[in-house]
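Per-chain numbering from 1; labels A, B, C and D assigned in written order.
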Amino acid sequence: MKISVIGAGSTYTPELVEGLLAERDSIPLTRLSLMDVDGERLGVLAGLVERMVAAAGWRFQVDCHTELGAAVDGADFVITQIRVGGQQARHDDTALALKHGVIGQETTGVAGFAKALRTIPVLLGVCQEMRRSAPGATLVNFTNPAGIVTEALLKHGGVPSLGLCNIPVGIQMATARRYGVPPSQVALDYLGLNHFSWLRRVVVAGRDVTEESLAEVLAKAPANVPALEYDREFVEALGMIPSGYLRYFYLQHESLEHLRSKDRTRAQEVMEIDATLLEKYRDPGLSEKPVELEKRGGAFYSTAAVSLIRSIVTGDGARHVVNVENGSSLPDLPADSAVEVPAVVDAGGAQPLAMGRLETPIRGWLQLLKSYEILTVEAAVEKSYRKALLALSCNPLVPSVNKARALLDALDERHGLGLRR
Amino acid sequence: MKISVIGAGSTYTPELVEGLLAERDSIPLTRLSLMDVDGERLGVLAGLVERMVAAAGWRFQVDCHTELGAAVDGADFVITQIRVGGQQARHDDTALALKHGVIGQETTGVAGFAKALRTIPVLLGVCQEMRRSAPGATLVNFTNPAGIVTEALLKHGGVPSLGLCNIPVGIQMATARRYGVPPSQVALDYLGLNHFSWLRRVVVAGRDVTEESLAEVLAKAPANVPALEYDREFVEALGMIPSGYLRYFYLQHESLEHLRSKDRTRAQEVMEIDATLLEKYRDPGLSEKPVELEKRGGAFYSTAAVSLIRSIVTGDGARHVVNVENGSSLPDLPADSAVEVPAVVDAGGAQPLAMGRLETPIRGWLQLLKSYEILTVEAAVEKSYRKALLALSCNPLVPSVNKARALLDALDERHGLGLRR
Amino acid sequence: MKISVIGAGSTYTPELVEGLLAERDSIPLTRLSLMDVDGERLGVLAGLVERMVAAAGWRFQVDCHTELGAAVDGADFVITQIRVGGQQARHDDTALALKHGVIGQETTGVAGFAKALRTIPVLLGVCQEMRRSAPGATLVNFTNPAGIVTEALLKHGGVPSLGLCNIPVGIQMATARRYGVPPSQVALDYLGLNHFSWLRRVVVAGRDVTEESLAEVLAKAPANVPALEYDREFVEALGMIPSGYLRYFYLQHESLEHLRSKDRTRAQEVMEIDATLLEKYRDPGLSEKPVELEKRGGAFYSTAAVSLIRSIVTGDGARHVVNVENGSSLPDLPADSAVEVPAVVDAGGAQPLAMGRLETPIRGWLQLLKSYEILTVEAAVEKSYRKALLALSCNPLVPSVNKARALLDALDERHGLGLRR
Amino acid sequence: MKISVIGAGSTYTPELVEGLLAERDSIPLTRLSLMDVDGERLGVLAGLVERMVAAAGWRFQVDCHTELGAAVDGADFVITQIRVGGQQARHDDTALALKHGVIGQETTGVAGFAKALRTIPVLLGVCQEMRRSAPGATLVNFTNPAGIVTEALLKHGGVPSLGLCNIPVGIQMATARRYGVPPSQVALDYLGLNHFSWLRRVVVAGRDVTEESLAEVLAKAPANVPALEYDREFVEALGMIPSGYLRYFYLQHESLEHLRSKDRTRAQEVMEIDATLLEKYRDPGLSEKPVELEKRGGAFYSTAAVSLIRSIVTGDGARHVVNVENGSSLPDLPADSAVEVPAVVDAGGAQPLAMGRLETPIRGWLQLLKSYEILTVEAAVEKSYRKALLALSCNPLVPSVNKARALLDALDERHGLGLRR
């Protein structure tokens, strides 16, 4: 069994490898192919990975590639964690957005839009390679904006694919720890779109603990989200726990003020963290994931990926929150779109649970954001300037079509998106 | 046949009466009951109305009431054009919104929200009176926010009701004039929610003239909307002509700037116009609608109302754009909600055309605004503070739940809305 | 303006021409092209048509064709009224069905299924010719099974097309006569699929006369339907008036008994009527439609076709019951399927009314029959034996998959349907 | 923990008790209340149950009741397995149907319809008692027609309820045995309505074995279904495995012939089996389930019930095929109706999987049968003759409304159903 990691030069890779090493009993891995366009970084990561494997006393082959073909060839799973343009592009996008008075969040905001336009063509190239040289393999995507990317993969990729986020699994793990139960006894009715989601119900060993979990879950803001406080009465009126990322919408004004008040972008912070991590990774004495990786924000990333692969391999029927084709899970959203919902996973893929009609206070928001996502994918695939303009006209973080246009022109100039009119 | 006008002290009343006088052949009116809580204004209007009727040489009885009971008793049609709190409340609402940095538009904005909360209980009282003393009568509503009000009437009124706006009929009349055809030969595929609508297609005498109408229709901004220019390429990308009121959303940033730059609110302008008009109306020599009424902004108001009543009375099967129960007209919106679409009207009421699936760039917006409208009606009927908060959390003109809460508290204090927690 | 009639050798043609002659003021016809594969019959019909035109003192060119190309070239409307295999095939199909103990009705029964399989390829050939030589022309189809045929035309024809039945217009005309009003004042809420439909509401000049129309409408069975009586209490429980053709379903047992008791098929009767009519038509002294045509059963056929063409030409916005793309008219049926509903017709085509959710007692039946129709079209277009078998497995008149298979094999042998396994 | 069994005089009870005894580790049962209106039979069964418990060396209290109140009081689970009117009523219903030339199948046929009308009021009485004296308890229903009964319980019962059938669990167990895996590794995509269902996919330990399972699953006809052979090509065209009970529809003609050819009804056979079983049960030396029970046809009945209760008690998140509120599992059927689909079961109840759109060849059939079920429940709850007539008009096994009426009158006379006109 072969797993390929595309974008293996990421500082997250040791996290993933740690997870694989822990599952040696259920995942019969024989080969791990690491691929990155940045050969130098790849070398650093590969060195650490090989030391980790050796230290764990396990034997699977690790090989490195800067070309897609050999990396993907014969794979059973392809994990994508790429960042086209690197953190510098992220910085430029968010700074540009702020200059226009707009939140440049890198998943649901303008920076996420720009990232989607850069990323989708590259990932569809991975799919093309998979169809050719790894038929039947499953693509597991971590690349953001994961929801939009999964939408593109489902509609245009032609390979089985699932999108993952570390947030739901993080809530599951924290809840399990709080109640002293194994994670398998924590069931989340988590629903929506990636980074635009709500937690409807938390069940621990068959007991509904939603209300008593509210405060704990609310308190956590992801590392890349301003730690603004949600109004408690509003959340109680909702009757659901909004994702940390929804601060950008429910507290759009305050989030924008917060971003304006900061002297560095999140991208600049991450660049510094990454530099430190890479320095550590180079240490030939290091043969395990360093604790500093936690600052990077991807806790439980490997748990999500590795347990998902285990379910597919063993058909254990476990419940995972994934980005998956909607079908009839959320009947208020298009059946052929990507949604983030609980699913039962086995070798046949992920079968989402029927989550039923959306509550009125969240239904319209999800429908609007899904329109935005659909149009963004169309813009990326068709390279259409007009579709891109329409997409931004559906993003409530962009408060004017004129601003949308100005941003689009600036992004196109910066990244050479090649949009056609 | 009896028609009752609730809110007959409005300066619009002569417009309506002019329309009725022109339809004497098809609408066999014998009694016109004028009702208003402001007896002094009502007296002025009634005087002018009686002079108009006399001048037209027609004979139907005109009577005045400050109580609902006698006004509605035995009516065949009840026309509602009330304004609870008057223009002063409108001014206060929009000024308050601006103070919080929010657009206080009186239909789709915060001022419309406040107006809905004040108005719905009063109109449901009219319905109650109709069920008692005028069974079978049809309510024709002009009171804004007409969409939200129609939603409330359909769900809680228990009487046949239709909501009207003068914008679609205005486009129809202008188009007919431009092409030199009778208005009946102009068919509009106009769809959405009141003041949140798009024109999909314009057909004149069986010829599609949508594209050649675009510039003319776009150029017109209603009197109460900033005359900002739509981006032409964006409108072409949409493939539909957005309503003038959509400037508040597509050009939210610019609209807010514009409102901030004005030294008077629209309400203050209207108060001045109204004072001038009332002065004119008092002139015993005046026996026709004065030209100054046009500044008030309700052109074609009487055309819409009177031709609709004619269709119900005669069953002529004509096509009207109305606020009506959706059914399956727009299958992307709830079946039991109010929508603004073309309908074929006869004695059985209005049967909307099947307008089919909404285009992606407008679908999400309409779904979000409909969520806002549904929650606003629930807040008004249940007098629920939490529902009101949820409603505002779905209005994209309110960029923060914290602001929503501050506005809600201020409005409740100003108007004594009686919301319960 | 040119109208082409495909299958002009039909004895119905004089009916159609009579209608065209009556509409000379609104339909500016300059050329009528008659096409039939049977040159001899075509000659007879063309002779009568020319005498009718001359007698009416109108001048439009009449020309005859046995090839499609010239007949269709440059047409504005193409009317299709073909019968592939003639009445003999109809006789064979219905007799074969009876032999297997099955109702062989030629629209919703097995004979209709066989006719669809023979007819759809021919009509798609007409569409192909239209796309080539008469772009923009509208196809008006009368060929049975009109519902299934329209489904095929909408999905695979690539030309604007509408399907017509003479039943709804017949009810409209009879009701108008009964109440002494012009037909335009009769509005029918008629809905379902062709020959599988219900009348929900009858409105005359704005008054609901459904209940008082029930007995009269029920009493009429089309000429090709056994005159069995509907149970009155059942119809009242339904709250709608079932089409005469629904006897085959609601009274399946009795209909089968009736068909078994007859010594001749309807096809044999029609062959005799046709022979008599053709003899009459040959009479050079005849220059008008003979009364004997009424026995043929197509009353108001020309009214339906000609008034529909008038609405398209003039954009009069009149209401017609047509077979048309569903869209959101009947949201319980697929949006891309053909349904028979009221529509407002203008130059842009037919816009169906939003008829809303189907009542429970008819919903399931319509959904089942629509499945049958969809699969029948797939079988015809893909020439698929398996799809044909699946189609018949969804037809409740065929009480066994084994019988379905036996019938399918016999039909394939008889007609050389060319189904592939 | 207390479990109540309503209808405990059934010869199936030992099967259920055997299952409970096997799960002593996961189901902490302290009290088993057996209730039946037939005190004599109840005594026989209770005796055997007590001997079985003693033989197993487990201690929970067993008590007997002929009144509902004490039996249900304080229960955690109430299992209903009643048969109103006994096998004699079943015999009478099926014989009556046959006399009218109609299949009288006791779930989807006329006998099932009659049984529903007798049973629903009794089970709603159980629910009433549960709401009063066992709040929070879950009702697990085995009473046929299980689908219609669950529909009634969901809409009118007011208690959490799930309907069970032994067929899906039987397929699961047989498949597990065939492949030598534990049943938890067999996942069925089983969908539809009770006894009107299809098997879309069989997955064993993550491998799709649908095609290779086809022959084995098809070969099995339930004991109460004629063992007619399905046409293999038809099943392959379907691409799904039809339930054994679908023979009544796909082979309606042959099933009717078969039933006519038999000299005894299934009810008469069962009466004989039951008599033999009861004789055995009386034997004081018997302390385990006798092998003869297998002839009764309820294999795996206890497996279904007991494993379901275990999932609710422990929240193990296992996958069960149950009759449950649809929600968005099968979006082609009403959301508030009962469907039979896979669900993940925990303490919060059963969350069905999103099974997506139905395939065309089965969609219409399911929609028709669901209409029949909805109307049957309405007839039972409203005691409405007209609704009953409408229900039967939607059952394709009843080939005439006249026959429906005759059957309805005869059933009403036989059972005193108390239908009102």
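Everything below uses one rule, namely that a contact is a pair of C-beta atoms (placed from the backbone, for glycine too) under 8 Å apart; a residue touches a chain by one contact, two chains touch by 3 or more.
In this text the structure is predicted, and so the values were computed from the model without any measurement.
In contact with chain A and with chain D at once: which chains are those? Just list them.
Intersection of chain A and chain D contact lists gives nothing.
Among the chains, which has its CA centre at the largest distance from chain B's?
D
Counting in whole Å, what is the centre-to-centre distance of chain A and chain C, each centre being its mean C-alpha position?
From the centre of chain A to the centre of chain C is 55 Å.
Report the inter-centroid distance (CA atoms only) between chain B and chain C in whole Å.
44
For chain B, jot down the residues that touch at least 2 other chains.
None at all.
Show which residues of chain D lie in contact with chain A when the two form their complex.
184-185, 187, 189, 201, 203, 205-208, 312-315, 317, 319, 326-331, 335, 344, 346-348, 351-357
Residues of chain A touching chain B in their complex?
101, 230-231, 233-234, 236-238, 250-254, 360-361, 363-365, 367-372, 374-375, 386-387, 389-390, 393-394, 396, 399-403, 405, 421
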